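Shared between the two complexes below is chain A, which pairs with chain B and chain C, respectively.
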Partner chain A sequence: MIDEQMAVFVGSGLRLAVPIIFAATGEMLSERAGVLNLSLDGMMLMSAFTAALASWATGSPLIGVAAGVLVATAVAAVQAVLSVTLRANQLVVGIGFNILALGSTTFLYREIFGPLSRDPIPGFAQLNLPWLAGIPVIGPALANQTGLAYVSILMVVVTWLILKYTSFGLAVRAVGEDPRAADKAGISVAKTRYLGVLYAGILAGLGGAFMSVADSNTFTENMTKGAGYLAITAVIFGGWNPWYTLAACLLFGFATALQFLVPALQLDVPVALLLLLPYLLALVAIAGLVGKSRQPSALTIPFERGG
Partner chain B sequence: MVMKNPKLARVAQGARLELVPLQVVVPVVSTIIALGIGLLIIAATGASVVEAIEAFWDGMAGSDFNIGASINRAISLALVGLGFIFASRANLTNVGGEGQIAMGGMFATAAALHGAGGLPLGLAFIVPLAVGTLAGALWGGLAGVLKAARGTNEVISTLLLSFIALPLVYWSVESFHLLRKPISDVSSLPESAEIPDSTKLPLLFPDNGSPLHIGLLIAAIAVVVVWLVLRHSSLGLRLRAVGLNAMASRRAGMRTSFYVILAMTVSGGLGGLGGAIMILGQQFYLTSDFSSGYGFDGLVVGLLSRGSAVGVVIGALLFGFLRSGSINMEISAHVPSAVVLICQGLIVIVIAGSAILTNRKVTR
Partner chain C sequence: MAVLELSGLTKRFGAFTALDDISLQIERGEVHCLLGENGAGKSTLCNLVFGVHRPDAGTMTLGGEPFHPRGPAEALQRGVVMVHQHFSLVPNMSVAENLMLGRASAVLKPQDIIVRMEQLAAEYGLEIDPEARIEDLSVGERQRVEIIKCLLGDPQLLVLDEPTAVLQPDEIDALLAICRQVALRGKSVILVTHKLGEISRVADRTTVLRQGRIIETVAMEGADIRSLVRSMVGRDVQSAGSVLAAAVDIEGKTPAKPSSAAGPASPGEAVLKISDLVYRDPHGVPRLDGLSLTVGTGEIVGIAGVEGNGQTELGLILAGLAAPSAGAIVVRGTPVGGRTPQEITDAGVGIVPEDRHAVACIKELSVAENLYLGAIGKFSRFGLLDKSARRKAAEAMMRDFDVRASSPDVSMASLSGGNQQKAVLARELSLDPLVFLLAAQPTRGLDVGAIEAVYNRIRAARDDGLGVLLISSELEELMAVSDRIAVIYRGKLVGELAAGSFSREAIGAMMSGHAHV
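This part shows the complex of A and B:
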């Protein structure tokens, strides 16, 4: 009984962590280049909606994911123009995009899906990997995930490799730490930052699409419920390191999953308090740890040549 | 503020001057563009634009009651907006208005239901207002303390504090031992009991049916005080100095931590007051989502104002009326009120994007 519930808990914790892992991993790279995308939540929400819409219209969840990623990347492109070229306040722009995303997805959802909202949309089937299922307790939870969930871990590895072993990764780090020196060394600050923001957009798109076409097979208004903010916090908590960021995302996923486990175990803890737990954890995390790890020196500071 | 023609001509020539006109032009133009896009979206849905506008106008200002309700909304938005510009004077971005409203409203309800009702001389509503303000001040001040002590980015912390405050309100109206109304009649919705009549804010025009209450006077006083402090006091100057260059201010002997905490506390307190006024002036009982959207509206008002208390008043009235109109538009003309959210998002993005026109300096 307890074992069964633990397996459900691990499974839902992982599923809840996946969108945050995607978004946080992309955001980490963008922040290493010096651009903070507070619009992450909006990118995810727009992608979740677009993916649901495209999957419903074409019957193919894969096309849904592609459409979601495309829209999130388009948002990222506009964010990049504003943050990099127009040197706008990155935080304010991000909040604007989040309001816009909430408004436009809510509006379109009611206009398009309004009467049909009960129907599930085509989603991905769960893979069942026998070699993983054999692991005790967590095995079934690890094995019964959609393919997209495994892609999130793959993207952590890819991002780590990019940052550590490619010249682009070197440029990203240089631009985030000392854009003036990077500029003098012939690295294009603007181009590197654009690519960083677009990378964050692609991954946030994957994360948002996961929510609608892989996890719940439906779209609900404001379905990200602040997952993008949790992702940004995970980056800070993870000290701008891919593996620690991954660990932070898993922690937030499991903290969110507690709201299903605790009532199932018939513990008398108010659900409302479980709802705020991930955010409380996030607050404690950034308040307690940000002193120890150092953020990229040029984070949120626009670069102007010769200024 | 009046533009003179020679000045305009020099702006056109690209001369460097204080650029006051652009700071007014940009928000006005972006608001007009955003509202135009909103109308296009309404037209695209196939709804009758005329009908939508009529419903919108009716909801905003169709009757004494609607005008009063719109201004009541504007009061809370103005307080949140004032809080935003107060913090931004010290270069702090308080985006946690929603949480500060929520805490203010929750604690004001608690004070009104438990004890304040029997107090004489208007204290019955003054005490809950003060309690709500204090709750918001603590919630905002917490972000200030984290910033001063740990260097925690206040944008992230105020956002997270909002995500923490909203479930707390939900918890308080879900739990019978907290604020949930006891099951006595048929309904047992998760909401608080209605606050006693003595704790409700007195109406300004009780005879003509307008719900406009004395919150208007409170907000007017707050506008004047914030304007005086920010523009004409040494405190305003110090906040500005800390915001512009914390290290230099510290070397000049200022306790920068103190000013950071103070700015966030006052900012949060104004939000808390706004939340308390929402409950005591208009809603009269606490529900889990009573603050929904007001925090972001207040934030947008603060942004639009570009740091001016007068700008906050204009923005708050604009959004107070917009919100009333959009609610009626959804009810009567079946146009989703999310259209107004789209407009607000566009306004914020355009204004932030055009900062390069209005600010010569690179801002953080």
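This part shows the complex of A and C:
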């Protein structure tokens, strides 16, 4: 009984962590390059909606994911133009995008699906990998995930490799820390930052699409529920390090999953309080840790070449 | 054969012509010095060659081919490299990572860089640990990393913009030796400086710039240093005396200073007394480590030291911008350590801060507003500002201190650096009461005329009985103005010399922690 509940808890915790892992990993790279995408949540929401729509229209969840990523990347491209080329305030731009994303997805959803749609959307099946299922307690939870969930972990590895072993990664770190020095070393600050933001867009797109076509097989209004903000928090919590950021994402995922575990164990804790937990945790994490980990020096500061 | 040829280069910034019709040839294998005062256009010229700025008129050729770099990347590609006044190193990355920046293949190959670093170490004596993080290195070591970065790609032309300003004497010698080594290997070096002492030691030829124009280009063999100085400042050398000698760093030619010799022979009672001052920065690193110092009335005490040895922190603490971790500071019986700037001002302390732009003035406000920044209430009646009274008072103060601006209402930003500094001095020296003045790097970035005015003001304040603490990275300046020089090293005073017994060598040795005198 307990084992079964633990399996459900671990499974749902992982499932809830996946979109945040995607978004936070991309965002971490972008922030290392000096651009903060507060629009992350909007990118995810737009991708979730577009993925649902495309999957519903074509019957192929894969096309859904592709469409979602495309839209999120397009949003990221506009964000990059505004915050890199036009040197607009990154926070204001991000907030604007989030409001736009919430408004437009809600409107389009009601127009296209109707206000109370219960249409299931074609989604991915769970893979059920036998070699993972053999692990005691958490095995079934690890094995019963869609392919995208494994991709999210893969992306953490890929991002870590990029930052540590490629010259693009070195350029990203330099541009986020000291863009003037990078510029004088012959690196294009704008190009590096564009690529960073687009990378964040692609991953946020994967995270958003995961929510609608891999996790819930439906779209609901404001379905990200601030997952993008949690991802940004996870980056800070993780000290701009890919592995610590992953750990922070998992923490948020499991904190959210407590809302399923606690009632199942018949503990008398209000569910509303549990829903609050990840956000509360995020606040505590940032308040307690932001002083210790050092953010990229040029984060949110637009670069202008001077004498 | 000329490596770089400039003809008719002109560069304007708005209405200001920074460079006017510059024509110049840099030969292969020569060390070519660019000499000029601040604002003469030396840095602008370097930035044109390195592609940071683009000329408004004129042409450049490199190795006989047209050369019009659109950015540093293109200049680098053509074999032109530059060490800037402000280092272009990412502080939290390792030496090797910094060296790979912008030139590595898709996947980083740290081993290749380390091999190349060993070659350069053998060729030029440029040794440095590839794994060391930049933020842990000294200024001299960081500069060495910059030079290695430049030499990695086997360049044709190495441009050094004021490279010696931040170095201590023995590091300067090492740098100049490296310049000769680079030239010996058939590369060309452009060395920007305003210090003649260095030029006579290293240059093959020297070009003198003044107000954006070339005054002359001379071969250094048998050149007359005095005539170079004349070209540089545009007036006779003798008249400027010790001030000029200090500003251009002519070694051994500093004339005796009548001013300090004639000054009050014995300083009076102590006006500033610092005992066992300790300061730890927010990371817990000790910046001041038991510093004790006394400044008497009517004396100028100079603090000499390589930057980063605690003098900046000392200035901040005296100004009330940082609180000491331990120790006492007393001004005329009033403890001021850890007090607010307002309380410190009330105790009779005037402050000329090191960072003129960030701390001393608000550039967007008018000159009059800046002059009375600390005394806004003085010109208010019934809570309303009496602007015309303030204007009148400001005009008088500007006249007294020779602050040149078209009106007290123009913004501080529109003034030259020298006039900004004179305005700051005017404000601080007009405080009442005033018993002590701290002047931190008071002549940084100023031209010779303004430097002279600042020195005269400081000396006059001393003669009026003020105690003055002068913190400066310019040894010649300290020797020209101070009655006493104390040397700071790693947050402690390690030695002291009285006027008349100043020697560059002794102070330099103490600055680098080598000897106690």
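To be clear about the criterion, the second predicted complex is superposed on the first by the 304 of 307 C-alpha atoms of A that agree within 3 Å, B and C clash if a C-alpha of one lies under 4 Å from a C-alpha of the other, contacts with A are read in each partner's own complex, and residues count from 1 in each chain.
In the analysis below, a contact is a pair of C-beta atoms (placed from the backbone, for glycine too) under 8 Å apart; a residue touches a chain by one contact, two chains touch by 3 or more.
Quick caveat, the model's predicted, so the values are computed rather than measured.
Chemist: Using the superposition on chain A described above, determine whether A:Ser104 touches chain B (first), chain C (second), both, or neither.
Modeler: First partner only.
Chemist: Contact-wise, after the overlay, does A:Gln266 reach chain B, chain C, both or neither (first, second, both, neither)?
Modeler: neither
Chemist: Just checking: does A:Thr166 make contact with chain B only, chain C only, both, or neither of them? Give me first, second, both or neither.
Modeler: After superposition on chain A, A:Thr166 lies in contact with chain C alone.
Chemist: Just checking: does A:Ala185 make contact with chain B only, chain C only, both, or neither of them? Give me first, second, both or neither.
Modeler: It touches chain C, and chain B stays clear.
Chemist: Can A:Glu177 be said to touch chain B (first), chain C (second), both, or neither?
Modeler: The answer is second: A:Glu177 touches chain C but not chain B.
Chemist: Tell me which touches more residues of chain A here: chain C or chain B.
Modeler: Ranking chain B and chain C by residues of chain A touched puts B first.
Chemist: Residues of chain A that sit at the chain B interface in one complex and at the chain C interface in the other, please.
Modeler: Touching chain B and chain C on chain A: residues 307.
Chemist: In their complex, what parts of chain A are in touch with chain B?
Modeler: Contact set of chain A toward chain B: 38, 78, 82, 86-89, 91-93, 95-104, 106-107, 110-111, 226, 229, 232-233, 236, 270-273, 275-276, 279-280, 282-283, 286-288, 290-291, 300-302, 304, 307.
Chemist: For a test of understanding, state which residues of chain B touch chain A in their complex under the given definition.
Modeler: Residue positions touching the partner: 41, 45, 93, 95, 146, 150-153, 155-157, 159-161, 163-164, 166-168, 170-171, 174-175, 296, 299-300, 303, 336, 338-349, 352-356, 362-364.
Chemist: Touching chain A in the complex: which residues of chain C?
Modeler: Against chain A, the touching part of chain C is residues 43-44, 47, 52-53, 72-73, 76-77, 82, 84, 86-93, 97-98, 100-108, 149.
Chemist: Using the touch rule from the top, collect the residues of chain A that touch chain C in their complex.
Modeler: Per the stated touch rule, the residues are 165-171, 173-174, 177-178, 180-188, 294, 305, 307.
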